[in-house]
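By written order: A, B and C. Residues from 1 in each chain.
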Amino acid sequence: MTTHAHNLPNVASRLKDATGIALVSLLLGVPMIGLKTVDAGGALAIATRWPWLLAFVATMFVGRLVLQFVLDHVKLNKAKRARTRPEIGATRPWLKWIGYGVVGFALVLPIAFSGNRYVVDTATTVLIYVMLGWGLNVVVGLAGLLDLGYVAFYAVGAYTYGLLSTHFGWGFWETLPVAGAAAATFGVILGWPTLRLRGDYLAIVTLGFGEIIRLILVNWTDFSGGPNGIGSIPRPTFFGLPFSPDSDAGPTFASFFHLEYSPEHRVMFLYYLILVLALLTNLFVSRMRKLPVGLAWEAVREDEVACKALGMNVTNVKLSAFAIGAMLGGFAGVFFAARQGFISPESFVFSESATILAIVVLGGMGSQLGVVIASVLLVLLPELGRDFSEYRMLMFGAAMILIMVWRPGGLIAHREPTYRLAKKGAQA
Amino acid sequence: MSEMLLEVDRLTMRFGGLTAIDDLSVAVPKGKITSIIGPNGAGKTTFFNCLTGFYKPTEGSVRMHHPVHGPLLLNEMPSYHVARKAGVVRTFQNIRLFPNMSVLENLIVAQHNALQTASRFSLAGLFGRAGFKQAREAALEKAEMWLTRLKLIELADTAAGNLSYGTQRRIEIARALCVDPLLLCLDEPAAGLNPRESAELNELLLYLSREHGKGVLLIEHDMNVVMRVSDHICVLNFGTKIAEGTPEQVQNDPNVIKAYLGEEDADDKEAA
Amino acid sequence: MMGQFIQQLINGLTLGSVYGLIALGYTMVYGIIGMINFAHGDIYMISAIIAVTVLTLLGSLGIMAVPVALLITLVVAIVFTSVYGWSVERIAYRPLRNASRLAPLISAIGMSIFLQNMVQLTQGARVKPINALLPGGFELFTSNGFTVHLAYTQIMIIAVTAVLLVVFTYLITKTSFGRQQRACEQDRTMTALLGINVDRTISMTFVIGAALAAVAGVMVTVYYGVVDFSIGFVAGIKAFTAAVLGGIGSLPGAMLGGLIIGMIESFWSAYLSPEYKDVATFVLLILVLMFRPSGLLGRPEVEKV
């Protein structure tokens, strides 16, 4: 509300403010909490939940008072933070060390939790999102192109592997480059005509494109298996050694290394596979950032007109970002298909695109480490909320709003210059 | 008469019913400073936009005499070709830097085309090949050279958006110079500068045209700059050329005096 | 053939009216803050859910007279839905007024997810059927064994939309709020300097957008008779497509875009393939943006340099 002046407001105005919130809460709550339509023998009937509504309104009233009390103390700092642009003068070496720490932790995680399949599985999911986040980061974070249909490229990758492996017996490693190329091609086909458009139009076009791909997958049954998807996709092998219990058909991973067969081998293998893919992605993107094209992506994000005036072919720069982002999404899709062994259009809905975008923006645009933190947060929040599973997505939505309002620049809004005069010889 | 760099022939630009530039012909020589002056709304910035490919002129032609590529028609080129191929680089009235990038990075971005070729469209760069490393060293050296010349070297690693207005103007000029322009088009480079900065600008403009042989095309309101450095001045009003000549000739031209002093009402209308 | 054609025209007009009403909300919000209100589709969904509740409540109270029931439902839905629209702006947009463009978009997507799941939790995930409030209709004519129907609900939707458009046009062009709203669209800083409360104008824009979506929600409820928590997303995208098609920021454009999308959808379903009707809509959107990015009625933009 507008009452938070810099001098501390009095109790009366705070109460008035909280009463206002309570009143709004009452209006919001009456149709949704207070009243409910229930199925009573074929027809709907009304049920009431007035105590719940009362509790809700009271919570909002007290919550607002407490929040205001807290805000009064941090408000000034926050206003300052929101306005200053990320400083790039100061280096922050500790960010790098956190990065190394995260990689180290990721390397030992399956060993530390070797008895706990659930942890490794969840970590694998986190890493898929990290990889997707890093891919989309090129498009959104670096080049500043708002892509709301990123999941389409993920789907292209997944279906490329699904189809090539089930119809033609292609393996994981052969498919990987092909799927990446296919996704990049889709990126170029979509990007070529649309990248000239204004930013928000691009958003809606990519959103539409994501839906088109999904609808085609749902409806073109002969091609994609329709809503049933594609099943029994072969799992990746360890350089030709399958993870299976019986060694009749040839050596398996377990028999070759003289280990006792355990289903956990595959889980751990998949984890390390996506870890390697993700680290390669990170290496690739970090290197690209230091190249002229990477700098050009950021320049286009900052000021397109200035780029044109400096002789830069802006469309090509954008297209390269779009294609590379798409390619990385395609890679992640191949891994996803191989891990699940089953894919269907259900996995490639808009909310998936929204989640990946949220990871990039929450993490801090352009920040690689931010993507990791945001992925962990967005995957773990719903997982932690598993006990009250129906509240998971609700909390997910609420978290997105709160984090954005709290830190509009994302969790890590710090940007390190890729070129420095001081140590120009030391550039990698 | 020195060698002509740019020839604008009967340029006309209309927006719907409004004629912003009407039948304008100007020539810009190499190694000289040519200024375009005129009251607000006279069509100066529109003229720049036509030169640099941001607007497609309704009629007329803009011809650049390029030492390598020969004559080039700028009015038929996309804006990025104007800078890349024809060597005509501009700055903007409302400074357009890359605010979140460092000053040095701003100057490196300006050398994108050369670097991108040297990096073999990223392939050689990705594997750190020697050719690309050399190109990058060269780019950094060029940036350093202009930063030193424009007294920006101390600020090389700070974010461009955090610096003062006058400094940002200088960065924009340094950035444009990194493109190696044959013709530098500056849109009000002295706006918002203090007298000392403005004097430094004069010196820089003379240095660029005399020592580097660059053609300079200047839009400026600050008469301290225009009258002191210009070799040739072209006065616009309502999109038409009303006078042309040396600073002395223009200062004494009755049409110019009338345009600046006599018809205040008309100016206000135009400015609105 | 003629009968089939006319029938699809009527269906398309009905559907298009609904899309148009939602599209108005998008285009108004876009016009004033230059952002896509991602939660707008869910505002429409909330209105539909409220309509189900109110109609059920009225039924249990024995108020069955169609005009009375409809009017009460409309008023109640508009009031409560507007509060939701207002809250969305306060929570997801206002704190981010000066942040980068992406931040409010993310918070709005978060809001959309939140609202959908909130409704699913509080009202249940099941599809909610209601008794037909306004059954029946006219049989216009029969040709080649095909009878063309015009349902009462279709007349209602088209009529209500038309009336609303008149009121709305008056509001925007003739009242002081409309002037303030248009002023904010042109230049927010200048408007604020002139002593106009920009925050309140933006709030009001969200409220009016929500009210229009509320009307759309009520009418869809009455028309189809079934509603669930997930109807907001697709309707939202289509309405946004309509707004862009018509030229975002242009109010007549939004309505026109809505009608076109409605027509395409009903004709495509009838003559080609119902499965790909949404694909048709999106492909059209991409084509329009490629060849006429300012939309059908939008003003072309000259790049400011």
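FYI, a residue touches a chain if its C-beta (ideal position, glycine included) is under 8 Å from a C-beta of that chain, and two chains touch if they have at least 3 such contacts.
Model, not experiment: these values are computed from the prediction.
The greatest centre-to-centre distance from subunit C, using averaged C-alpha positions, is reached by B. With centres computed from CA atoms alone, A is the chain lying nearest the middle of all the protein shown.
Averaged C-alpha coordinates give centres for subunit A and subunit B that are 43 Å from one another.
Subunit A and subunit C have Cα centroids separated by 29 Å. Centre-to-centre, using mean CA coordinates, subunit B is 48 Å away from subunit C.
For subunit B, residues touching at least two other chains, in rising order: 54, 92. For subunit A, the set of residues that touch two or more other chains comprises 305.
Annotation for subunit C: residues touching 2 or more other chains are 303, 305. The touching residues of subunit A, counted against subunit B in their complex, run 85-89, 284, 287-288, 291-293, 295-296, 298-299, 302-303, 305-314, 320, 415, 417-422, 424, 427-428. By the touch criterion given at the top, residues 24, 27-28, 30-33, 35-39, 43-46, 82-83, 140, 146, 193-194, 197-201, 203-205, 207-209, 211-212, 215-216, 218-219, 305, 350-351, 354, 357-358, 361-362, 365, 390-391, 393-394, 396-401, 404-405, 408-409 of subunit A touch subunit C in their complex. Residues 30, 34-36, 46, 49-50, 52-53, 56-57, 60, 79-80, 83-84, 86-87, 91-92, 95-96, 98-107, 109-124, 126, 128-131, 233, 237, 240-241, 244, 273, 275-276, 278-279, 281-283, 285-286, 289-290, 293, 301, 303, 305 of subunit C touch subunit A in their complex. Residue ranges of subunit B in contact with subunit A, taken from their complex: 52-54, 79-85, 89-92, 96-102, 104-105, 108-113, 115-116, 118-119, 121-122, 125-126, 128, 136-137, 140, 144, 147, 153, 156-159, 161-162, 175-176, 179.
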